[in-house]
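Okay, so chain A shows up in both of these, paired with chain B first and chain C after.
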Partner chain A sequence: MKSPKQVSVSALWKFAAAAILVVVGAGANASAQTAKIQTSSLDHLVSKASETFNLDLDESLMQLTAKVFKANDPDEARVKALVSGLKGIHVRVLEFEKEGEFLAADLEAIRTQLRAPGWNRIVNAKSKKEGSVDVYLMTSGSQVLGLAVLAADAKEIAVVNILGNIDLEKLSQLEGQFGIPDLSLEKPKRKN
Partner chain B sequence: MKNQLQDHLRNSEDDYLWDRSGKPDPEIEKLEQVLGTLRYQPQPLVIPDDARISRPSFRRFGSRLAIAATILLAIGAGALWLNMRTREQTQLTNTVPANGSLNAAVDVPKDVIEEIPDEVPTTVSAGSPDRNVTTSDPESKPGIRQTPIRRNRPRQTGPVHQRHVPGPANPVLAANELKAAEAGKERLMLALRFASTKLNLALKKANSTNNRNLIHNQHRIG
Partner chain C sequence: MTKRMILIGTLALGCFMISVSPAQAKDDNFDGVVKVIERFYRVKHKGIPFLARAGMKTAVTAARIAGGSKKRLAEAGSVKVAYFEDQDFESGPGAARFREAINTALGKTWNPFVQVTSPKSGEQVYIFLRHAGDKFHVMTITIDRRDASVVQVTLSPSTLAKLLQDPEDMGRAINDEATTDQ
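Coming up: the complex of A and B.
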């Protein structure tokens, strides 16, 4: 039979262990639910790339930016509404002069992150000539936590990472509207 | 004679009362018999088999629980602080471009990028609008863009230039904040433009693939 002192010490240890597990589990869950994609695995390709394009907008800068959108302009009001739920936008593009400067394995670190729980691939378009474009959405219940677009063709790698509640329909409608030109990045098909 | 008798009686009574050597007094003997039942009788302590030890009460170990809770709270606070610090460092790293400047590598007008200033105000509204102070950071290194919000910055103890902001519905920005916001707007539109383009490209490719498969299947059916 355990003495009262032994009982109390073991109960304390159990309580402490359970509390630590809860704290650690909560931290791990919080980090697991972050929609931020690390693109540092592409750093070694920067020296090979002919041109690079990095764009990082964090939440504080987006909140500051949201203040200069004109409320009386319906187009800007729509963009402001789209942006209001966002916590960050990160764009990274590497363009190469020659084909074969990078391998599919170079993107594996990013794809591995996008295979984590919470991420769902909603679009997967792949062709030999035009490369592949994958669109991933991180959701928690009915809430959208982030979006990731990973596009790669023979000469270009593009990673778009949007953090926060993003409306895909509104985002796709932005191109060619509100003074945003239709860039038509899709390369023209060759005529036979 | 009378005195001798009194002395004898006193001595004999006292002797029995003190050391039981004198003549026994019947009243004292009677008292001895009555009170003798209450006399101490040495015997070993017997614990019954069905006796149970009561569980320690919460009050008894409350102090230890309080210590444990304090330690856990300290651990939790430390983990939270570490997490926030890691996020800040990650933001700081991510806001610094690999080559120190923005280069347009996609089909985006370069003049739009060139208009974007590298400098971003080191402090923007993070708390109550009345306490917002915009200062330049003398410690900032050239070429490194600091995070817009520095949470660990110590409060100014001297006279603080306070700028009243009427409210979030109609914010009034300082000139440098406005400049940063305009630059941020350009960057935001650029990012949204690129994201929208890539998203539409993916949707178009997915639709064309589906149509191709549909046509292919129709041929098979036909």
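Coming up: the complex of A and C.
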């Protein structure tokens, strides 16, 4: 027979467990909705790298970005159209002097995030000489929530994470701008 | 006796207010960042005559970056430069902790935009952005093994557009030109 105190503790545990489930569920859902990739698993490689590059254009900076490009200048109007609908650009690049400074396992934490529901790999290019480039798109129904690129060769890791309405064509046009490395992605052919 | 207690209390409160000045430093972020560098690396920045000279160069530089002498886009009087010359930036707790300290000093009023580190060469570059009415403040912090600089400029939207499109090179250019004695 349980004492009143034991019953109370048991009820508290059940409440706590339910609360944890709600919080974890809400967190997972929020993470899925934002399409933001965490790259902190690469932090331990920073001291080995010959150069690291981080660029963060969060939502507030993206709003600024949309304002600074003029609609009446053809070049700026093109960029303005490209960045409209984007909610963030995050780029992380690590370059190493020598081969073998990182292992495939070092990228596993990022790949695990990209195997979560909602993400689909749309490009998978691998070559012994140039390494691999994987492009993932996160969708919810017909809505595109974000894109992630994970590129790696023997001496370099690049993670590009673009939040918002983005596709391969936009990505290929953004290459070389906003800190996005040249990924040499083929531009998708337009359907007539 | 009571007056003496009040005096001591006031002095103690004054000391307390001084001791919590990091919060105040956040209001003047440029000076706050300079102090962070001084404390972190135990160095001292250069005095006013050099700053005036460097500031003039920065205005010219920003105009050059923006596409020529006709487009002077660094707003007049907007340039702040602090320079640390021939001092030791190799010792200290490391770039990762410095990055944390700088991010904390700039708080929520500045957006971290680009952060570049070259652990082997000891180089660090940080670019922060802030909205300033219809213009933008850009702060670049560059640290090498022996030199460092902090440059803050006010840019028009069109110059910022160029910075956003080519952030690393533009950030380095703003900083290099502002602090190179030609």
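The rule is short, and it goes like this: the second predicted complex is superposed on the first by the 141 of 192 C-alpha atoms of A that agree within 3 Å, B and C clash if a C-alpha of one lies under 4 Å from a C-alpha of the other, contacts with A are read in each partner's own complex, and residues count from 1 in each chain.
Keep in mind that, in the parts below, contacts are C-beta pairs under 8 Å (C-beta built on N, C-alpha and C of every residue); 3 or more make two chains touch, one makes a residue touch a chain.
It should be emphasised that the depicted structure is a prediction, and the values quoted were computed from it without experimental measurement.
Legend: residue contacts after superposition of the two complexes on their common chain; A:D56 is shown touching both chain B and chain C. Using the contact criterion defined above for the overlaid structures, shared-chain residue A:N124 touches chain B, although it does not reach chain C. Contacts of A:V79 after superposition: both chain B and chain C are touched.
Contact with both chain B and chain C is seen for A:T65 once the two complexes are overlaid on the shared chain. Comparing chain B with chain C, more residues of chain A are touched by B. Looking at the shared chain after the overlay, A:E97 reaches chain C, while chain B stays out of its contact range. Residue overlap on chain A between its contacts with chain B in one complex and with chain C in the other: 43, 46, 49-58, 60-61, 64-65, 67-69, 79. If you check the complex, the residues on chain C that touch chain A are 95-96, 111-121, 129, 131, 136, 157-158, 160-161, 164-168.
Chain B contributes residues 53, 55-56, 60-61, 64-65, 68, 71-72, 75-76, 79, 83, 90-91, 94-95, 97-99, 102-108, 120, 124-126, 147-149, 171, 173, 177-178, 180-182, 184-185, 187-206, 208-209 to its touches with chain A in the complex. Interface of chain A with chain B (complex): residues 1, 4, 7-8, 12, 15-16, 19-20, 23-24, 27, 30-31, 36, 43, 46, 49-58, 60-65, 67-69, 79, 82-83, 89-91, 93-95, 123-127, 130, 133-135, 147, 149, 151, 158, 160, 162, 168, 171-175, 180-181, 183-186.
Per the touch definition, chain A reaches chain C in the complex via residues 43, 46-58, 60-61, 64-65, 67-70, 76, 79, 97, 177-179.
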